[in-house]
């Protein structure tokens, strides 16, 4: 366990950024999102949840896969370079870290997505415990401990200090490289902080949701539930929930014609959009109700069926606070789970 | 083959010309041997009101440094009222681009009749000179088109 | 609400479109109520910001009549939709509800108030119960931007009014073009930096478009597969600029300035500033016009005058670089 | 993998395609063409199993999943029978031999020709362009004739002009021992002396015995009635295989588009046994 004064954090950031790219929550135009650290940026570690989750750093909203040129009918393909430099993501929360594990199950399972795999291999995550969890949080429901983020390095803010503990080899390496800035710290303050966090989490309104009804065996029963027809009504069919979600991984592959070639890129897509399943001969999800149902069935039933019961939701609560129509997965869980 | 990049700025200019007046005006300029810079690429449209704001933005995206729209004089539209609508649309669009911080000299509307070959050529010369003074369009373009 | 029950029971309407109590004290959701029993969950408070006119486009296609609750500013949108033949007035029973202003939960949260359990109003103050203790927040400071420049408390279209009077005056409100003017006064370079900063946050979730009552196209141009900077990509900031400029342009002259776009934006982009710029220009160039004020006048962009200003007015007016 | 100019300092990804050259285009029907594709070196692009698919793309236009219609026993090239029905297929139909496209694959599972279907009597039922994936299996079976029992093929289309691979059907399949071919078209047509009527009704007219496995592919409405017909005749769902089609983008079970229930059609499909389909939410 190491320790560093909060007011010396800029030095820590500068040290880390000297050796590799450093991404951390940055305040820009009144909103906080992950961004590249430079001396000019305004670092914001007080905001509990960035608007977009940290998945951006590993699975960017859009990335070029390859560019293609057509010269006199001869095609040539130039694949995009994979990440081969180390980088650090500082400030993720326990839920975001769990979100990466959800993505890992998708992208790192055979066949491996090499673009994502390269970023995971080269990225070191420093996660911070949630000092003051909010009412929209329900990570506890998924067995996540916001007081003990399970990443490469775990960190805690206590009073005027940041406590730092490496948990993996990658974390050790990073720690080693900035060690001279730290002083040795002891566990007592951190243990106290952990207890406090856990006590707050117990009190949160969503901390005790019942997920027991969401099992693969109930697929058809849940799918055919008449409640969907009622629940989807306010949905505006925008993609806010999917784009702020740390676990949504659907993407689209598109071409952009630059005038002198074609760039094939992939970008986040949303199952809430009407053209998501549009084919030349028709669309098999024609109503918003079906699309709405797909999103939640996938998170709560289909994904767990393929991943040993792990839910594709980490309870970060971003959709809870961002949905324009105040719909969210919690309302769905309560309603379908029989609580409301 | 690596071609050495010349340092001289050659602006790319897109001119949308209405089929009935301005395109004929450009023709007349050509047949009267009135010079205007080759940097101007003319796109013929059936009427000035065919030009959707998206056309203008798209031209900038693909690397245009200036976009000019030419149509029949108010009152002379082949379709009676097309240019009136175009006028309102472009006024608002140009104002919006200015509001976004794009240099307001990069866009222009000029009414050129089929008989005004001289006006066509002087307008284009003026416009190209203006774009030269503004330099390359960096605020309203797509990086992907520039790097490629 | 009692009135809604009556109308449901006597068959005047078969469904009620209103707001349903959420589970956090600040997240009511728009909802249809099909029976008097369901109305038990009905709620109307400062967090019922959603403009239900948008939902009426769909409701108008359903069978039988729908009762809808509209706030004064929502009626502008509804009127505009009547003008565009996008809603069915005959199948709609409108109850105009009084409005004291709608609230922005983000303003409260940005003030550092976390762990909100419930919110109640006490005079000019909001009393906020949180897991970190009780907090207070001035009501006026929590208002959505749009409510600080309220258009007025008058319902333009309704079948009956509840909690509101005809011709009720709005309180002293600010000049809605203030920020637009401030931007106009900046140097183009500063303006560019301002918009670059704001628009680069856009995640292309399309919430602004989908919440907008004026965006009523069945298929948006940005949803076309044949259009390569379409939809969800945000590869280059140009994409966002193009999307927002074109979207604002497509609603120019039809936008009632209801402020939904800015309310729903997850990244808090002040999208209303784009719309207001068009409104301000239209007012200045073609005479004062308020979309949604009536149902029969011609919209500015489908109208013209021989002596309209020339586009060069933009250059003449500004001229600075 | 495709020609790469970066000097090989990257690991190739499943999403990076190969370059394919169209060597031959056969016009099958007014709206179906069969494209023969090889690599630039003139060799086959990859090996596949019958029923598998590949992503074919024209850069700048789009990319879509097509089933490989040639048999794996063909060691020289791959073939795709493509119906003109969207923007990508429009462009493909305008191409000429020698033109280049990109191909990646193979994707998905295959008909279990080496396991569940081995040694069995087989009945193929196809409608219209639905013959494309089955043709791969049929030719595989004919080339390994000793491993399978009887082969019956029931194939129907809108009109005689819309029958795909007619030449091969008449010249090869009809002339092979132990293979029965039944053709039908939807409406009477001059010059057609074969059967007229929809596939499901013809199926009942013929009345097959149930000692075989059935492979069905065609328009959803045909599949629905064929299934009903087969059940009536005493076939169980475990005996029937079909292929599903959904919108696909990645082809490797990641992009989420073709997800129904816990299955991804591109990875876990496209071939499903009917009892498996029954367990999926009806969204196909």
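Should a chain be cited, it is by its letter among A, B, C and D, assigned in written order, with residues numbered from 1 in that chain.
FYI, a residue touches a chain if its C-beta (ideal position, glycine included) is under 8 Å from a C-beta of that chain, and two chains touch if they have at least 3 such contacts.
From a predicted model like this one, the values you see are computed outputs, not experimental measurements.
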Using the touch definition from the top, how many steps at minimum link chain B to chain D? 2
Is the C-beta contact count larger for B-C or for A-B? B-C
Taking mean CA positions as centres, which chain lies farthest from chain C? D
What chain sits nearest the middle when you go by CA atom centres? A
Could you work out how far the Cα centre of chain B sits from that of chain C, in whole Å? 36
Chain centres from averaged Cα atoms put chain A and chain B apart, in whole Å, by 45
Centre distance in Å when chain C and chain D are each reduced to the mean of their C-alpha atoms: 51
With chain centres taken as the means of their Cα atoms, state the distance from chain A to chain D in Å. 39
At which residue positions does chain B touch at least two other chains? 142, 144
In chain C, residues with contacts to at least two other chains: 225, 229, 235
At least two other chains touched by the same residue of chain D: list those residues. 62, 87
Spell out the part of chain C that touches chain B in their complex, as residue ranges. 180, 183-184, 188-196, 221, 229, 235-236, 238-239, 241-242, 245-246, 248-249, 252, 274, 277-278, 281-282, 285-286, 300-306, 308-315, 318-319, 321
Complex contacts: residues of chain A adjacent to chain C: 28-31, 33, 48, 51-52, 61-62, 64, 132-136, 200, 203-205, 233-234, 236-240, 242-244, 252, 254-257, 265, 267-270, 273-275, 278, 320-322, 324-327, 330-331, 334, 340
In the complex formed with chain B, which residues of chain A make contact? 67, 256, 258-261, 263
Can you name the residues of chain B that touch chain C in the complex? 53-54, 57-58, 61, 74-75, 81, 84-85, 87-105, 107-109, 134, 139-144
Can you list the chain B residues touching chain A in their complex? 62-63, 142, 144-145, 148
